[in-house]
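Next up: some structures, all given as structure tokens.
Below, subunit A partners subunit B and then partners subunit C, in two separate complexes.
Here is the complex of A and B:
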């Protein structure tokens, strides 16, 4: 799984870099616009360690924001699955808000909270929160009648049991949603670092952008890809391990 | 832990008093059909009525009408029936005629559009169907032990033996074959307290010999309970069931007729003539 994901990423990355080099040759662009392979390798050698640390910093914030979103979205979806007005209100609000590009409110957070960890964390959490909430809402609101009927008929159904049934019966869907939103958390954190941070790989990319240093940006992209792939593979493995444990011998 | 009917609780009035009460509830009496027992029924859409007093265990449906939302016509119109307990009875009819819908009405899962269901001594009605699943995160044994009633727990081993799933109790439900899954599902219902268990094709995918053995042993093990078995197997319902309620399309009136079945029990010799009569009557009625 890890091998396949990393290989896929490297193929895409090398194809992208190759395309840039083709442009450079075809349009006879200078090294200032698109650096040559030697310059990219030199930059990787010089800045690799610092950028790897920055990626880990970003990944840490993204993971924290992602976990925060998962818990928050699960809690809200549990309430919103109710058939009363509270559930209806939450569902309508979630559908309306999710259609708005959350990243556009990032400057407001920057104005209110300044740059730093809290702003990065909030933006990361907000960006992956609504897709998670909508998926959780769908899963927790949909009865698994073939299993729930017995508990309903015998008067044993509790809200905890209902959530447990719906979550475990849709574990594969939940896993896919959680893995998919992990990328969004990473995107959110990097976007937050572009506008409101003093650390992280997004902050490093912003500096490289001001310097028009494409080599640094390419090195950063390589490390972001590797870091994100590792996180996604870890999440997928956790999901599979949980599913196997539940399926039993 | 079986759920009683939810709905209005009404007193039971016997004999002419009910007819003379003038409360508009009693529309007509079918004393002969109900064996001299007059349930208080009438315009109670969606209501379940408990009846106290009287004798015997019965569930009476009177002038039942039901229409699915957005459907052009009623599925049932003026449906009258009586399920007498205890015993092993059947609900028989062609596909799509409304057997499962009637079963859901009887078990209180659907409200009637018109008419009423009156229960006497049948407060705990359970409905089970063949597509049900047990949770896959625990073994069968753990699920049975966690969900069995206090009295049901004592008959767990007997039921496992009858249903021939002793060797599967440590397995998870998704690992079982379809027939094994249906047997496991039925076992957990038989571990509950109930007055009437509606079994909607609950023994589907189970081979004929095993099915017959299970039915005979169930009848012997639960002589005081009432079962309503939904099946498409005419020979089976004719042989094992005390009464066979044959449900027919709306074009036929009455829409439901009751045929006496063979009521074959464990240890008794089947009566071929009675069985043949029952089969012919069922096929003719359907």
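Here is the complex of A and C:
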């Protein structure tokens, strides 16, 4: 799985870089607009280690933000599935918060929380939280009638049991949603770092953009791709292992 | 098969015109329908001459139709020039030198700022500053990767202040860390931002002052008007007309006699900045841009360019030396 995903990423990455180089040759552009292969390799050699450390830093925050948003979305979805006033209010609040662009919300967060880890974490969580919430809401609001009917008829149904039944019946769907939102966590963290952090690959990209250094950005993209692929494969494996454990022998 | 009745060579009016031009020694027409001019930053006082040239008809009188487009953090006029999306652009010297070091075929037509507007605001009562040595132990804001970082590092190096002797603080657009006193020196553009921030702090009863690196031996060239070598060689008269009109517009915009017109032009493009602030901005901009004599507006300070190149090279921001004189356009037709 890992080998395949990394290979697929490399094919896409090399195709993208190849296209840029074709463009460079066709339009006779200087290394300033599109760097040549030698420039990209030199940049990778000089900055590769520092950028890899920055990607790991970002990945760490993204993973934490992702886990945070999973718990947050699950908790909110459990409450919001209720058909009463509280459920409706939470759904409305969730939609409203999501409608604000993060670039507008981020400066407020930075004023309140500074430009450290907490803000990066929060922005990462905010960006990947909403798709998770929507999916969790859909799953937790949809009754599994053939199973729930038995517990309801025997008076043994509790809200915890109801959530368990619905989660277990939709485990595959939940796994897909969680894995899918992992990339959003990574994107969210990079955006946060880009706007106002002093660490991480988003911060390094910002500096590279100030210096109009596309070679650095290409190196960053390569490492982000590798980091994200590793995280996705790990998540998929965890999901499969969990599913197998719950389904039993 | 050729129609025998048709003449082998038919004289057309266009051919007659070209023939007459050749006989008269004039160059072929330089057909540019609309000139694209990409600025370095959003519309503000540092672009007043560019906007004035359109609004007051300087370009039109030169027979040019020019679209002046704002820049911004995600825009790079130099890349647009090379990609053919713009004919002229504004860029700072460090941008030009970085691009030239990577083979970008650029030509500098004029230097707008004679003195770099980048300075650091500070509170003299909290962080007194008499000489660069006073920076030791202070927290100084820099935009990592930006030219303020380069200028500050050059200033520190020139006065033998080790990087470990100051604390560098990563700066964004939000001034809160400075307002809160967490940062002693905060970078800003003295002509554009200082009148706004200064007014706010003065209203709050705070004393402010500015650290200008220029008197302390750091000459770092700011905005210049740039085009490509191909544009200069293929359309020299268009370049010449554009530059003459632009520089005249700048002279007029910064002439105190035209201040009200300049304020109006700027307020049309940037209605959020009050007229009183714009007037203060214009006064500072005049000091930074207008040379002595004013007719030399746009003069390229070759020594300052060489110094800028040396700073970039010393800090490892360009890998190979750039022959700065080769970047200058020289005398235009």
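The definition used in the following text is that the second predicted complex is superposed on the first by the 238 of 249 C-alpha atoms of A that agree within 3 Å, B and C clash if a C-alpha of one lies under 4 Å from a C-alpha of the other, contacts with A are read in each partner's own complex, and residues count from 1 in each chain.
As a working rule, a residue touches a chain if its C-beta (ideal position, glycine included) is under 8 Å from a C-beta of that chain, and two chains touch if they have at least 3 such contacts.
In this text the structure is predicted, and so the values were computed from the model without any measurement.
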Which of subunit B and subunit C A:31 touches, first, second, both or neither: second
Subunit B versus subunit C as contact partner of A:132, first or second or both or neither: neither
Touching partner for A:73 - first (subunit B), second (subunit C), both, neither: neither
Which superposed partner A:165 touches (first subunit B, second subunit C, both, neither): first
Which partner reaches more residues of subunit A (counting touched residues only), subunit B or subunit C: C
Partner chain(s) touched by A:115 [first = subunit B, second = subunit C, both, neither]: second
Which superposed partner A:196 touches (first subunit B, second subunit C, both, neither): second
Subunit B versus subunit C as contact partner of A:182, first or second or both or neither: neither
Touched partner set for A:210, first subunit B, second subunit C, both or neither: second
Which superposed partner A:155 touches (first subunit B, second subunit C, both, neither): first
For the subunit A and subunit C complex, residues of the former touching the latter: 27, 29-33, 35, 39, 107, 110-111, 115, 195-196, 198, 203, 206-212
Residue numbers on subunit A that touch subunit B, as the complex places them: 146-147, 149-150, 153-156, 165, 168-169, 246-249
Subunit B residues touching subunit A - in the complex, by the definition given at the top: 1-3, 107, 126-129, 131-137, 139, 147, 172, 174, 185, 188-189, 192
In the complex, subunit C residues that touch subunit A: 73-74, 76, 78-79, 82-83, 95, 98-99, 102-105, 143-146, 170, 172-174, 176, 317
